[in-house]
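Shared between the two complexes below is chain A, which pairs with chain B and chain C, respectively.
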Partner chain A sequence: MLKELINHLAEPIVSFPIATFLFYLMIKHYKTFGSKKFATWFTILSIPVLIFFFADPNFYLIIKTPDNVPIGILLVLVAFFTWFTMHKAAINDTRMEQGLEPVEAMPENREKVWSWPNLVYTELFAIIACTAFLVVWAIVFKAPLEESANPTWAPNPAKAPWYFLGLQEMLVYFDPWMAGVVLPVLIVAGLIAIPYIDTNPKGNGYYCFKDRKWAIISFMYGWLILWVYLIIVGVFLRGPNWTFYGPFEYWDFHKIVAEFNINLSEFIWIKGLGIGMPKNLVVREIFGIILTIAYVGFIPVWVARATSFGRKFYIDLGPIRYYLFMTLVVVMMSLPIKMVLRWLFSMKYIIALPEWELNL
Partner chain B sequence: MAGNGLAKKVRDTQVWKSIFRHGPPDNARNRAAVIAGNVFLHLHPIKLKKSGVQLGYTWCMGGLTFFIFLALTVTGLLLMFYYRPTAEYAFNDIIALREHVPLGIMREIHRWGAHAMVITVWIHMFRVFMTGSYKPPREFNWGIGVILLVLTLLLSFTGYLLPWDQLAIWAITVGSGMAKATPFMGNAGPGAMLARIGDFVMVSDKNDVRFQLLGGRFVGEPALLRFYILHCVFIPLVVGVLIAVHFWRVRKDGGISAPL
Partner chain C sequence: MSDTKLALNRREFFSYVTVGWVMFSAACAGLGAMAFRFSYPNVNFDPEMEFLAGLPGDFPSGVDERFKATFGVWMVKQEGKLIALSNICTHLGCIPNWLPAELKFKCPCHGSGYYMSGINFEGPTPRPLERFKIGLQPDGKIKVDKTKVYRWEKGEWENPDSFLNV
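Now for the complex of A and B:
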């Protein structure tokens, strides 16, 4: 009963809004989130939950796969360091509200110390700990090896390495040219562009949140929700045929999920206007094309002209930085928007031009 | 640490003195000398701000990424002695490695280390972002770091194929399948239809980016050789050069970031 509920909650249509809402809560109450009390209670309460999860044979079957162990480690580290950075930010923000300098700028921390022994021994200790960890990991878990390569027999599901599963999960919502090529290229380009877009001189060299709120929110949303969350879904919740399976569900090959996704053009020409699809491709997709151009082209302009925070952003950043930033944000947000359109309206493609391999 | 008895005797030998050109690092002069006089340690500054050595500030993730890279280089070299990148031998060599080497964990360390390096490099980036360390004067080094992160993923990805089992070829089939959707350059990508003259198709599955990557239309023996060379020689060389630039720039841009 409880397990069935969790299976349903894990479905992206439910868990994605939940994750986004939890992210909002975390940002909104970052000082509570970053307190030691929260961390203690979270750890204590997560133990019975973990036992409950691990006791389930179907969940255990997926989690014990040796190649899934790193994702478990990743999740623990991401959770810890997200808390830790907010913990440090909360301390520094509170200090700065009181008119004090951040901890890193306190005189005793500005003082110079010798690399030998202070830094060198820390490194030595880290290396020894890391080596011990890797050796234990290597002894406990054998490296996986399946049957010899057979190009004629595809396993189901066929998954990319885990660190690319966020991208593979995007394939549910976008075609390969977007999810596999355009978006990854833009992620890398966007990351490299960060220092040239973010002109805020504050927050250099110390942990904080308030001083650079918007930079941290945009980065963390992309990293935690659009990257790590999608990897979790791709690794643990996608079974044969990339169908959704709850954490306690057995990966049954015969699970059939009815999907009737329709394109925007069919929605308008057939359902809305009732006159059937026009022959001309551009006319057929004209609504999607206009919508896409409006989304990428006009939203940044509109935000700069019509909203007060947009105008402030525009003045602070200047036109080039502003439009670069807004284009990246708009592209990044196209993923959650496409997800919501899929869930609410069964929308398949905004622009459906399979004749040109151009589906969006 | 002035040393007495045996320790002092060893330190006074000609051999010891020829290796370490300075006395024990218990005074300011020798602490500077031990860092400056050692090719490996001289990556460090002689002195640095206290906030920069605190684990709570740096998390040591960049350093661990580099260490794991070195560990992967060593274990990878050892594995190369036993592995032949051909469809005929690759899988059997891995089996042999597993069956015939008692207590062998080199492949395990290499594989888990590869996963660990992906994780540490991500967390390193997260730390650098959260401390605002990409801000001037470190903008360029952040860009180098992003490229190193991508190369880390590519190293792991190319290595994924080498065991030549079902897991390997199908993961690479899925991953490399994306390349055929590259706009204008992949046979199933947008714009590829436009690149044709009459009946002559300019971008087909015989010459698009995916074909160049795999050396064929599917993940076969040429792909194995390509990935092997990319994994063992080409990408590590590029990574090595960029790591040098990255570390050099950390020093030149003012060391580990600290409040201005």
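Now for the complex of A and C:
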């Protein structure tokens, strides 16, 4: 009963809003989230939950796969470091509200030390520890090698390495050109562009949240919800035929999912207007093209003109930085928008021009 | 000054330089050619691009998988037509599976689904599976030519070479 409920809660259409809501709560109450009390209670409460999860044979089968062990470690590390930075930020923000300097700027923390031997010894120890850990790991978990490649056969499910499973999940909602080329390039270019776009001098050398609120929120949303969450879904919740399976669900090859995806143009011309698809390609996709241009071109301008925080951004960043930043945000948000449209309306493509290999 | 014997006069120097440059360029070109050759495999395991698929009577209605493992082709007989369907997903090039119980092709990579006819209906795939050229030889055997593909969205499935009336 409880397991069935959790299986339902894990479905992307439910778990994605839950994850987004939890992210909102974490940001809103970051001081509570970043307290030691919260971390202690979270750890204590998570132990029986983990035991409950691990006791299930279907869940254990997936989590113990050699491929999936590092993702378990990754999740623990992500949770810890998210809490750790928020913990440090909460302390500093509280201090700065009282008019004190951040912890890192206190006189006893401003003392300078030599990089040799202090830093180099630490690095040497880290190298040795990592090597020892990897050697033990390589002995304990055998590399999951398979038979030689066969161009007429693919394993089922065919999964990318775990660090690419976020991309593979994105590919479920986008054309390969978008999710395989355009979005990864924009992710990398956007990450490189961060220091040029974000010229806020605050936060250099100390942890904080308040001073860099929007930078932290937009980065953490992309990282935690649009990357780590998608990796979790791709690793643990996608089974044969890339069908969704709950954490306690048996990976039944013949699970039937009623799915029928249609394009926006089919929605409008056939369902909405009832007159069939026009012959001309551009006329056929005109609504999608208008929507896309409006989304990419109109929203950044509208935010800058009509909203108070947008106007502040525009003044702080200047027009070039502002439009670069907003373009990246708009492209990033196209992923959750596309996912929600798929789940709610079985929407396949906003613009569907397979004749030109162009689908959005 | 005048009795200084030059080991090499100007004309000889240039002829040596020319020889040297020609040999250097030839060596570079040879190395480049070898590097280019190296980027191609010595043995090719790709399926053959043309094959004979037996007689039209060999195929029952439905999807025939006997040429999937060897040539990457599904022979589909439906409504009096026999077609040779590519087994490469039009989304990102994975190899879908034929699910006889569900009567559909389903891709294991991103969940694209196709009807028996090859028309896409679920998942992210933007267009149907591709058909290969199919025809009869004078001896009555079916010949499938994978070098010629027919795409539905371009209206090429109307082409008489893209199916066989049986």
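What to note about this one:
Note that in this section the second predicted complex is superposed on the first by the 345 of 360 C-alpha atoms of A that agree within 3 Å, B and C clash if a C-alpha of one lies under 4 Å from a C-alpha of the other, contacts with A are read in each partner's own complex, and residues count from 1 in each chain.
The rule we apply is simple: a contact is a pair of C-beta atoms (placed from the backbone, for glycine too) under 8 Å apart; a residue touches a chain by one contact, two chains touch by 3 or more.
Computed from a predicted model, the values in this text were never measured in an experiment.
Shared-chain residue A:97: touches no atom of chain B or chain C.
Using the contact criterion defined above for the overlaid structures, shared-chain residue A:261 touches chain C, although it does not reach chain B.
Contacts of A:135 after superposition on the shared chain: chain B is touched, whereas chain C is not.
More residues of chain A lie in touch with B than with the remaining chain of the pair chain B and chain C. Contact with chain B, but none with chain C, is seen for A:119 once the two complexes are overlaid on the shared chain.
Contact with chain C, but none with chain B, is seen for A:241 once the two complexes are overlaid on the shared chain.
By the document's definition of touching, of the two partners only chain B reaches A:188; chain C does not.
Once the two complexes are laid over each other on the shared chain, residue contacts for A:205 go to chain B alone; chain C is not touched. When both complexes are aligned on chain A by C-alpha atoms, chain A residues 150-151, 153-155, 158, 168, 175-176, 180, 355 touch chain B in the first and chain C in the second. Against chain A, in their complex, chain C makes its touches with residues 45-47, 68-72, 87, 90-92, 94-97, 99, 101-102, 106-111, 113, 121-124, 126-127, 153-154.
Residues of chain A that touch chain C in their complex: 150-158, 168, 171-176, 180, 240-243, 254, 256, 259-261, 348-349, 352, 354-355, 359.
For chain B in complex with chain A, the touching residues are 25, 28, 31, 34-35, 41, 44-51, 53-57, 59-60, 63-64, 67-68, 71, 87, 91, 94-95, 98, 105, 107-113, 115-116, 118-119, 122-123, 125-127, 129-136, 138-139, 142-143, 146-147, 150, 153, 156-157, 160, 163-171, 173-175, 177-183, 186, 188-194, 218-220, 257-260. Note for the complex: chain A touches chain B at residues 67, 69-70, 73-74, 77-78, 81, 84-85, 88-89, 101-105, 108-120, 122-123, 126-127, 130-131, 134-135, 137-139, 141-151, 153-155, 158-164, 167-168, 175-177, 179-182, 188, 191-192, 194-196, 198, 200-208, 212, 216, 219, 223, 355-358.
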